[in-house]
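Below you'll find a set of structures to go through.
Two complexes are shown next, each including chain A; its partner changes from chain B in the first to chain C in the second.
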Partner chain A sequence: MKKYFFFLLLFTSVNAQKLNNLHSPENIKLFADHLFSEKDFLRAALEYEKLPEDDSINFKIALSYQAIEKYDAALDRFAKINYESNLYHISQHQYFKTLLLSEQHDVLQRKIIISENTDYQKYLYISYLFTSDKLPGKDEFLKSFPSNEKVELSFFYEKKKNPPYKSSLTAGLLSALIPGSGKIYTGRIGDGITSFITVSLLSFLSYNNFTNDHDFRGWLFAGLGFFFYAGNIYGSAVSAEIYNSQVDYQFQKKLKEYLEQKNYFISE
Partner chain B sequence: MKIICNIFLFLILLNNLSAQTEKEKWGKTETDYRINYHNEEIKNPEPKSYGEFFLHSVHSAYRFFISDVDGDNCPFQPSCSAFFVESVKETNIFQGSLMFFDRFTRDMNIFKKGNYPIIGGKFYDPVEQYTFTEEKNLLMPE
Partner chain C sequence: MNKKIISFQNKIFFSLLILFCSDFYFCQEYLKEQFSLAQNLYNREKYFDAVTELKRLQFFDREGIYDFESNKLIAECYKAGGKYSEAIRFFSYAEIYAENFDDLFDIKIEIVRANILRRTASNAIKLLNEMEKEDRWSDKINEINYWRGWAYIFEDKWDIAAFEFAKISPYHELKTLCEETHQKKYSLTFAQVASAILPGTGQFYTGNYLSGLLSLAWCGLWGYTAIDAFVEDRIFDGLAVTNLLFFRFYRGNLQNAARFVREENIRIANESLHYLQHNYKGPRP
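The block that comes next holds the complex of A and B.
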């Protein structure tokens, strides 16, 4: 009786193991899909890579790599998707999105100009918003995007066409006329007031010492005052440059946030 | 048998005594509490010209007579004196001096908080931002 029971147990165990093959392609795919839906993209990609390649697997791997910012690997996978596949169109959109995310603007612009496909024109224009002043007319620019997004996009267009830059020359000239005013012009009010007080004080001390026949101290304060004055002109010009780079940085940050929010105009 | 055991124990004792060879490792170490200078070149300058020799002499004198006595009080990183040396190296004596006087004005501003990113408890204000040449976007405060 014991022997029968033992053999029965052995048989069911072996059979159960055969039936529940955890590493079958179906199970791997189920597990990978679960990881993907849980946004565990790195592990999802590793699981998908164990499966034989097809378009849907490549697409999922590419999306996973895109999500974890392994853009080159994602681009490779998107490029492998067959032209005749149902996923080809959406993969091309994702491909251009990946190029935008990885800031490969040269590649993106070259590919879209060569393809002459009007569907992808919007990515070219978005890329222009990031990189250059080659933007087309406003109507032409807005034509490529959905009509309900035109208000916000026209805001970005205007900001790119007419960025609120400050002129280095103006800042320098203002500071040459009234010390510190160039810094106030670039938004550094505290620095501007400090500059004005320092240069004024040193000039007064110099004047006061010269009038009281303390020539050495007069020259000392005059020299110091001159260097602070010249430094303030230089600093004002640089301050305008820093202001401009902050404008660029903020513009790009807002644009990226907006595009992320709109999923780069790719329908789910 | 007893003799063999004693010899064996003696050998073990010898072996254990000679096992620790890196005795210095456990010794007291000299701790340097001074904050590192912005770069090693400034700490140990090797002047290449008379101009640099003069610059480093002034900087060393400043460090010896003022900075070391006064302490690490500059709110910026790099400190104003290190900024001066670096700015002269990056550009020239004239532009470097202008950059230094501009920095000194910024140092005197009592409302500077919020204008600079804070790294290591100091306002990060590197030379590269003021040379008109480098990309500045990466250095902007959030």
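The block that comes next holds the complex of A and C.
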């Protein structure tokens, strides 16, 4: 009977410990997984960090940091994953994705160029779309991507190769010939018409005053007219620069959205 | 033999009972300890850690014993950390688990307070109006009026706030304060109309005498020049001076009058809010 009570007590206390210690490694892992699935990534990362390191834990910490845009911490963790691990291959993909997300294109290009694995070539080419580096031939570029994505990637390739830029010189020259036309050329129609009316009106006022022997007013309006004319030429050139920046911005935005939608071609 | 079987069955039953009771007891104890840990972190203003521990408690509290308390405390952590939208979300969860009318009322008031602090006082007023319509809160009408008064303060409607506090008591401290604040504030319409009739008057009204004098002088100068040009049949000059100079200063004068009223009213309201923050002893949002 004594033995029975002794074992009952022992089993009960061990069982209670096992079930109820919320801060035991098993429970921390369960809780961290729960936080991760709830997308509470910072807390998830901090919970995983309490656990002994292994590849799976490092991978989840890295993914958590990547999700909250702590890219350096994520890169450190992805880099720790062992070459022999099952997670090595996927972690390398995630590593390059993190480099793309953190816009560390030079590091990414250096790492992929020295890598012998052709599987990562697509990240190199994606990084070329973000930088001013020379793109490879179209067939070579598309070869690295899945065949069902080639139409959209071909569109991005063409847009990068031949961006629909406007020339600052053309805009300036157009505005020098017909005031405001340079701004219309860069898509700012309202500004162009306003410039045309302002310069024309001031020129007419100047001419009218000179013909009526009001020399002072003639020179005053001529000066003002010239000021607006010169400003319009400069403004048109700047407008072309702004237009080109918008083209770049829109291209990068669309490309990022597309890559995000395709999860950077990483299979889950 | 029969006696032995009974004894064996008793042992099995007894063991299972002990195991079940111990599990339940230890589980309760651990959850209680976990909640105390979270409360302790909250008291030490470690809100991030407190939320983590409360989320841990919620995850392991399969029976939902602490659903109300944990959600409420998470909301309070977020509120203390200035994350009012998150606070309102968790107060709303706590509202679902409130077990009695008092808890439910307290949570609703917490949601109102968080809305006031989030500067979505219109939501707070809407919620309070809905509560007022319900019979079950008829004995809490003073509290409802009190928080509605606060909501109107944050809406910058000091006169309506005074009216709400007056419903509690005609001598309520906040009623007096709100009335005084409202009386101190300047009228935007008066300032603009006065400045439209005589440039600079709106600025004088708000105590900005130099700006008022300058407005009057500029408008007077360009008004005179424009009229003089029209009288001497210099129509082009008259139009140019009127459009480019007189209207520019006249419009500036109106805008200045409005700006000074707004600035002064903000200063007056801030003074009252500063008093409420540092000197008022009653409950605040």
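Operating definition for what follows: the second predicted complex is superposed on the first by the 248 of 268 C-alpha atoms of A that agree within 3 Å, B and C clash if a C-alpha of one lies under 4 Å from a C-alpha of the other, contacts with A are read in each partner's own complex, and residues count from 1 in each chain.
Just so it is clear, a residue touches a chain if its C-beta (ideal position, glycine included) is under 8 Å from a C-beta of that chain, and two chains touch if they have at least 3 such contacts.
Note that the structure is predicted; figures quoted are calculated from it, not measured.
Chemist: When the two structures are overlaid on chain A, which partner does A:40 contact: first (chain B), second (chain C), both, or neither?
Modeler: The answer is second: A:40 touches chain C but not chain B.
Chemist: Tell me the contact category for A:70 with respect to chain B and chain C: first, second, both or neither.
Modeler: Neither: A:70 stays clear of chain B and chain C.
Chemist: May I ask you to decide whether A:97 touches chain B, chain C, both, or neither, giving the answer as first, second, both or neither?
Modeler: neither
Chemist: Who does A:21 touch here: chain B (first), chain C (second), both, or neither?
Modeler: In the superposed model, A:21 contacts chain C only, not chain B.
Chemist: After the superposition on A, what does A:166 contact: first (chain B), second (chain C), both or neither?
Modeler: In the superposed model, A:166 contacts neither chain B nor chain C.
Chemist: Report for A:190: first if it touches chain B alone, second if chain C alone, otherwise both or neither.
Modeler: first
Chemist: Between chain B (first) and chain C (second), which, if any, makes contact with A:246: first, second, both or neither?
Modeler: The answer is first: A:246 touches chain B but not chain C.
Chemist: So in the superposed three-chain picture, is A:31 touching just chain B, just chain C, both, or none of them (first/second/both/neither)?
Modeler: second
Chemist: Once the two structures are fitted together, what part of chain A is touched by chain B and by chain C alike?
Modeler: Correct list for chain A: none, the interfaces share no residue.
Chemist: Can you name the residues of chain B that touch chain A in the complex?
Modeler: 95, 97-102, 104-106, 108-112, 115, 129-130, 132, 135-137, 140
Chemist: Mind pulling up the chain A residues that touch chain B in the complex?
Modeler: So the residues of chain A in touch with chain B come to 188-191, 193-195, 198, 227-228, 230-232, 234-235, 237-238, 241-242, 245-246, 248-249.
Chemist: In the complex, go through chain A and note every residue touching chain C.
Modeler: 4, 8, 11-13, 15-16, 19-22, 27, 30-31, 34-35, 40, 43, 46-47
Chemist: Which residues of chain C touch chain A once you look at their complex with the stated criterion?
Modeler: 11, 15, 18-19, 22-23, 26-27, 29-30, 34, 51-52, 55-57, 59-60
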